[in-house]
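One chain, chain A, links the two complexes that follow: it is found with chain B in the first and with chain C in the second.
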Partner chain A sequence: MSVSSVDKRVREHGIRLFREKFGKIVKNILENKPPVLLIPKRTLSNTIYDEKNKMLLLGPEYLRRSFFDMNEAKKFMQTMLMASIIYDALVNNEYPTIRDIYYRGKHTIRVKKKGMRMEEENTWDKQSESDSVIRDIEVYLGILREELLILSKEKGKVVGNMRIRSGDDVIDLSRMGHGAYSIEPTPDLIEFLDVDAEFVLVVEKDAVFQQLHRYGFWKKYKAILITSAGQPDRATRRFVRRLNDELGLPVYILADSDPYGWYIYSVFKIGSITLSYESERLATPAARFIGVNMTDVFGTSILNINKLKKKLPPDIVEAISKLPPKKPYLSERERRNYIIKAKPKDVERAIELCGYDVADACLGNVRDEKIRKAIRGKEGIPGYPWFRKPEWIRELCIFFHTLAKLEIEAIASKGLRFLADKYIPQKIETGDWIT
Partner chain B sequence: MATTSEAARFRHISPAEFFAKYKEIAGFGNPSRAMYQTVRELVENALDATDSHGILPNIKIIISRPASSTSSNHYTITVEDNGIGIPPQHVPNAFGKVLFSSKYVQRQTRGMFGLGVKAAIIYAQKTTGEPVEVVTSTIGSKRIYYFKIKIDLAKNEPIIVERGSWRKSREWHGTIASLTIEGDWGRSARRLIIEYIKRTAVVTPYANIVFVTPDKQVYFFKRTINKLPPPPKEVKPHPRGIDLTFIKDLIKSTKKDTVKDMLVKNLQGVGDKIAEDALRLAGIDPNKSPHKLSDDEIKRLVAVLRGIDPDYLYRLQGSVGEKTVAEAISENIVGIKYEQAIAAAKEAGIDPQRLYAELSEEEIDSLAKALKRFYPRYKAPSSESLSPLGEEIIIEGLKRIYHPEFVAATTRRPSAYQGHPFIVEVGIAYGGKIPSRNRPQLLRYANKIPLLRESSDDISWKVVMGLSSRRAAAEIDKDKAMREFWSQYGVEFPAPLVVLTHICSTKIPFTGVGKESIADVPEIERELRLGLMDVARKLKRYLTQKKLEAEKKRRVIVLAKYIPEVTRSLTIIAKDIFGNGIEEKLRNKLIELAAHRIGIEQEEVKEIVDSVETGV
Partner chain C sequence: MSVSSVDKRVREHGIRLFREKFGKIVKNILENKPPVLLIPKRTLSNTIYDEKNKMLLLGPEYLRRSFFDMNEAKKFMQTMLMASIIYDALVNNEYPTIRDIYYRGKHTIRVKKKGMRMEEENTWDKQSESDSVIRDIEVYLGILREELLILSKEKGKVVGNMRIRSGDDVIDLSRMGHGAYSIEPTPDLIEFLDVDAEFVLVVEKDAVFQQLHRYGFWKKYKAILITSAGQPDRATRRFVRRLNDELGLPVYILADSDPYGWYIYSVFKIGSITLSYESERLATPAARFIGVNMTDVFGTSILNINKLKKKLPPDIVEAISKLPPKKPYLSERERRNYIIKAKPKDVERAIELCGYDVADACLGNVRDEKIRKAIRGKEGIPGYPWFRKPEWIRELCIFFHTLAKLEIEAIASKGLRFLADKYIPQKIETGDWIT
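Now for the complex of A and B:
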């Protein structure tokens, strides 16, 4: 088997890390010290929003996982088991996926003592359990699983005028035909060779990515075109981050105009709440949301500033009123054709993003009982700080006011030409995006 | 049954009169109750004839439908014991003449009414017309005697219908008594009788008890201990516990020539000095013939002997009108002169010229204390007359019937109320085969007799249910109080809990005529409470220990079962650093550390670790 030099290096680093950290545990046991792991806490309460660097980070709290603590014993065993599986794979030049690992570690522990009821349990039952232990290993070692050569399904794709080295091969991302390069699960092992691009456009939807690719968008506008195909995986996020970090390219995110699309943007920009420990390496704080905006659909005249004053803090209302007004890209007739009614789940998610007070201030008369119930259930939710900006509040406000959402495909079906040659370039040119 | 006593110790009343008066009270109100009561009378006599005389009882109870009878509701109840037997010359009177047991001597016996089995015999005679059949032989007698006896109700004389005797062919002694009555073996009678026998079996683990029902079902309670409770001794009555009837009876039967001698001979702890003092106070010449005492003198004598009773002093407040303290006391308390009343009042810190009716409770208590100085002092009543079961027997008995996982018992030291000695015993059984219930299952006993009817005004019931007699019962949530009380001892309901209370005394203070519940006597309540707390604390210790043990076991298993996996996993990484021998070392070290942590032997952890299989 020919292994790339890059992989070899990473492997050796991983093996060293395991020997160092777990060798210490063994040493402690031999010295009569109880087996204990100190792991940074991965809980919401230990997740902090770093205002300065604009991303979610793990807080200072540590979790003491002692083997002799009744409630932690199983978790401790699982962590040891997981460490042995990953270590074994590293040593044996393997590339397990998280699913492989789940199966490798899953077995039954049986206590069969005479005069005692037989006890039986599995090391773990669902993959979510073993995934969670992988995350524990990541924070314990301070390393991402990709760097331990644990793979996951490739999801993200990229095309553009650039050449990279992956493994020992050089790949030209401008020569992918109608296809695209799948972003490998270990993007840190990619080396950027040469790039001729002005910006990065990340498209949420694979279908829209393909349309723009075939249209020649990236050639025409000197773009690196990427799709996350829905919720971005870690590799895509790390890849985007590196483009932004190392090449200084601005990153634009094009997503649906609905709470789900906004959340995808948020994951690129800030990180995900459940995996805040990797934000430092995965988040792209400078990512820009280029659309689709609610204001692109409805314009800004639909907002009644006076109404907002009743329920929102005056400084926010003041800031919103100072934002430049916008005209809609869609006509009244197009809106009627493309708009989709928001569902209760959408409303709930929107409130989680920007806070209950915005919903309360902007909602009109809601007739739908299910939506009313969804709203009541979220009373008092404060919203995430990075969505409490006037630009976002204006977007969300229009959403609550109209209870409408819109997919990017709607803009594309108005005409690919419109999307590629007018909507995107014009928005970039006029700075019509939100950070 | 006072079968061995002298004839002089009995006195007669008309049986017809007696039965008319006591039929309901004695428990013969309906066929179902009559059946139960008949079983009780016979069983209690059988036990008294055995365990009180140092004999390990073998009791056989058979209820059957007589073959000869035409009526379907006639039942024959036969109880056989291996007791001391009855001398043949006493048999007719013992079964055929209604007598009251003598009270000249006191000792704790089971019979509660003093009527004994005779009520059942009269009931049988009235309902089925059948005589009582008795087969008996005393220890050492060479013959067995056989009688059929009826009672001449008008004359209160036994009628011997049949009699006979034969030579003993084997060494047997005891009594077989058989009665045919109009009865009932319906659900409630069946339940009551079986429960009675079961509860009797609880306190007689030293007895073999066989019970055959009319349906030919057999219950057998096998003897599990060969130890008998010490038989009660006969003691003279304590002067504080006597009454008018007692003195009058005494006068009738005494052979002494002087009152003084009569008192000294027949009362507990009364010597020449105390007798003289008492008689002087009562204003009676010690050398007077007992037969010449006037009614008034007898009354005064009883009052002095019983001593100063604070209750009487309270009651007096309602009847003395406008009298001053000095007047009220000197006019109503026998033997206290006006000057003595003044002195006592002053000693109690009370102005003797105040109105007696206006005294507070505390003042009356102090006054009673001061007055006692003028009265004879007695020793506390002797408890030799009492026969407690003893802790061992209670524990054994609860085990035999309930098969609990934990059992404890306590016998309190003797105490006394109003001149009557008593001993409280409390047993507790928990878990095992006891079914869980929403409150403690309470087994009450008085003088070894089960009290079956659950009664919420019984003092044991109150104590065991965690109710204080001081609190107004209506004001509190009883169930909550009960749960809170037991919760202190680690018992959360529903729980498998049985509590046994036994009060033995020469006089059980029953409430009312039903004789099923015991009155709120503060001295008894105190002893019950202390006894219950004692056994409940033992239970708590047991439960805490059990919980700890369970927790420990749990911990051992939880930790031990993961040791092989942790060892194997760590070895995969560590063998490259520490070499191949590391697996064994790690395993032993983890076993050692775990054992140390939990506080058990390494061997115990190792055993579980060795029993772990990790499959794929």
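Now for the complex of A and C:
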């Protein structure tokens, strides 16, 4: 076997952790005590937004998973089954994926309940079930699955003036030709060797990454250039976080000017609200949204502050009115050609991000019945705290007002030179980004 | 600008080609002759399956696109507009994507028809329209868009014992650590330097690629390991083709045992039937499907040859009955746990691949109404010639008979060692693959 020495070390650490944390359960059983697992609760109600550190954290609640509790017995069995699968994989030099772990554990148990005939029950049916058990193991052990050498699909790519050690190799990320380095699924095992860069630019779209790379953007502007190729996976998020955390590099996110692009930013910055335990390791709270902004498309004069006063809290309107005004990067004609009409799904997602009141305050007279339907019944939605900033509310307000969205490619179509040598550098230089 | 010297050469070649081929039109106009473009027809009726070379080719038909033909004028305008956009991008050191080309050209033309009032018409509305015009330019110039430095999203990754030159860099694909080399969108510009490998293994799924890579599969078995991460893009296909063509390496495709996986194989092998002009450059007719096979899952004894005789041509049944019998790799119990029920969409796609008669001959008594609906009205479908081989018909027959499918991960769940050290090497060694 020609696996790396790094993996050997990680494997040993994982094995030790399992023996320590699950050894207790075995000990209980041997001592005739009822086996019980205490696992941090991964529920929304036990999720806390830490305003100071701008991070989602798990709260103090634990759940007791007891084998002798009829309602918990199946979950207990699933957790122990999963633990044994992952432990076996560690010991046997395997690199399972979450998909094959699902298959490894999937089988039928025959149960005979008292006075009943034989019944069959599956250990788990869908992968969503086994994935959830993997998450329980992660929070129980206080480790990410990647450090147990559970691999997954990985889309993130990087180029830039830095060298890294991965496995037993040293890789020069400035010598990738026209291609790029595809980040490993276990980015915690990467060692940063030397870095000569001033910032990190994460591009949502692979094709735009290819353009900027080919143009030599990262050489010219001393950037580490990354693409998440759409919705970022865990490895890309962890890699970006480490660049920010350990090397102190500012991180800029370039995404489409639409709720999907803003959501991608949100995933980099905070993570998923239902997976808060990951956030502490994967999120980059200091990430900056560099564009494309609605204000880059329409400028700020499109906004009617007086109208906002009717439905938004005065302090928010006040704060918005004090933001520096912006001129659009696009001409009237470009705007007409490039803009895409928002879909009902976009409107729904935008409300989730910044709250119903912003939609209510900013929407004009909506004639499209589907859009109206998308708004109905959303009254209670408060929005995420990190989108309740005047800068973001201004962006979202323009979105609701115009019901328009715009792709990065529309900016690139003004010329790669415009995107690479004007738009991005100017926005960085003038601090025209949102955090 | 720090672009590579390779790109400079390609750019000059593209510019020359445009001047030569479109210069004629300009000359016509200057000489007061009606401007006409003669473009190879990209229709299904002008697509030929070359049985000898196992390739789709464009036939001899051309279409005349004349500016003075009212029905052709808009198409003519679109073609010239597209030519000017691409030419401008070449001259201005741009790297456009098909998406931003769409934006570059999208605008409204105001037309006044005789006796009518002013009307507005868009150059194009959807990207599918502009993409189609890019294809016209490709066949007109006899070049792939990548060689005009039109970039696109690229998912393919590679590791293995070889060095390549890309741009101005030399990259050692055996020194990628736990990561991988992400293939450039213009793989014709890659230079193969030295290669020490005996075959190419293309894995449909990125996560399985990660597992095999981490396990050291490519070192142990002297393989070039590639993933297409799902449906292969053009760059990955071209890269694989070049490895086969120029280096003489056999290419094995490892995909799910389902119609989607077989289709991925088909795209590598032949290409899309509606994009036959690409096929000549992108397809790898000698590509071998190494698995997962339905016969790996069920063996061959499940097949009832007598039943087939009722509905399939005797020569096909005869050929199938002469194929070597196979035992399954899975036990009865594993099969029960791993198998997934086919969906109506799977059945539809399977009929497209190998023809209605195979479905008709092999389906049992189908109770699922949705599946029955998927079969109805498909009587005429002949299947693709390259799937009308006894080996493939046997595979598809088992699929229709069982209405089951299986993922690579199910094989990997038997242990990575089983996949890497038994399944794949044994199948290669015994020639247990389909071409």
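Worth a mention:
Basically, the second predicted complex is superposed on the first by the 429 of 435 C-alpha atoms of A that agree within 3 Å, B and C clash if a C-alpha of one lies under 4 Å from a C-alpha of the other, contacts with A are read in each partner's own complex, and residues count from 1 in each chain.
Keep this in mind: a contact is a pair of C-beta atoms (placed from the backbone, for glycine too) under 8 Å apart; a residue touches a chain by one contact, two chains touch by 3 or more.
Remember, predicted model here, so these are calculated numbers, not experimental data.
When the shared chain is aligned, chain C comes close enough to touch A:Y181, but chain B does not. Applying the stated contact rule after C-alpha superposition, one finds that A:K113 touches chain B and leaves chain C untouched.
In the superposed pair of complexes, A:E94 makes contact with chain C only, with no contact to chain B.
In the superposition on chain A, contact of A:L44 is made with neither chain B nor chain C.
After overlaying the two complexes on the shared chain, residue contacts for A:G216 are found with chain C alone; chain B is out of touch. Contacts of A:E409 after superposition on the shared chain: chain C is touched, whereas chain B is not. Contacts of A:M77 after superposition: chain B is touched, whereas chain C is not reached. Look at A:N337: by the touch rule set out above, it reaches chain C but stays clear of chain B.
Looking at the superposed arrangement, the partner reaching more residues of chain A, out of chain B and chain C, is C.
On chain A, the surface patch touched by chain B in one complex and by chain C in the other comprises residues 107-108. The residues of chain A lying in touch with chain B in their complex are 18-19, 22-23, 25-26, 29-30, 32, 34-35, 67-68, 70, 73-74, 76-77, 80-81, 83-84, 87-88, 91, 107-114, 119, 123. Looking at the complex, you find that chain B touches chain A at residues 554-555, 557-562, 564-566, 568-570, 572-574, 576-578, 582, 585-586, 589-590, 592-594, 597, 607-608, 611-616. By the touch criterion given at the top, residues 1-4, 6-7, 92-97, 99-104, 106-108, 149, 151-155, 157, 164-171, 175-186, 189-190, 205-208, 210-211, 214-216, 219-220, 229, 333, 336-338, 407, 409-410, 412-413, 415-417 of chain C touch chain A in their complex.
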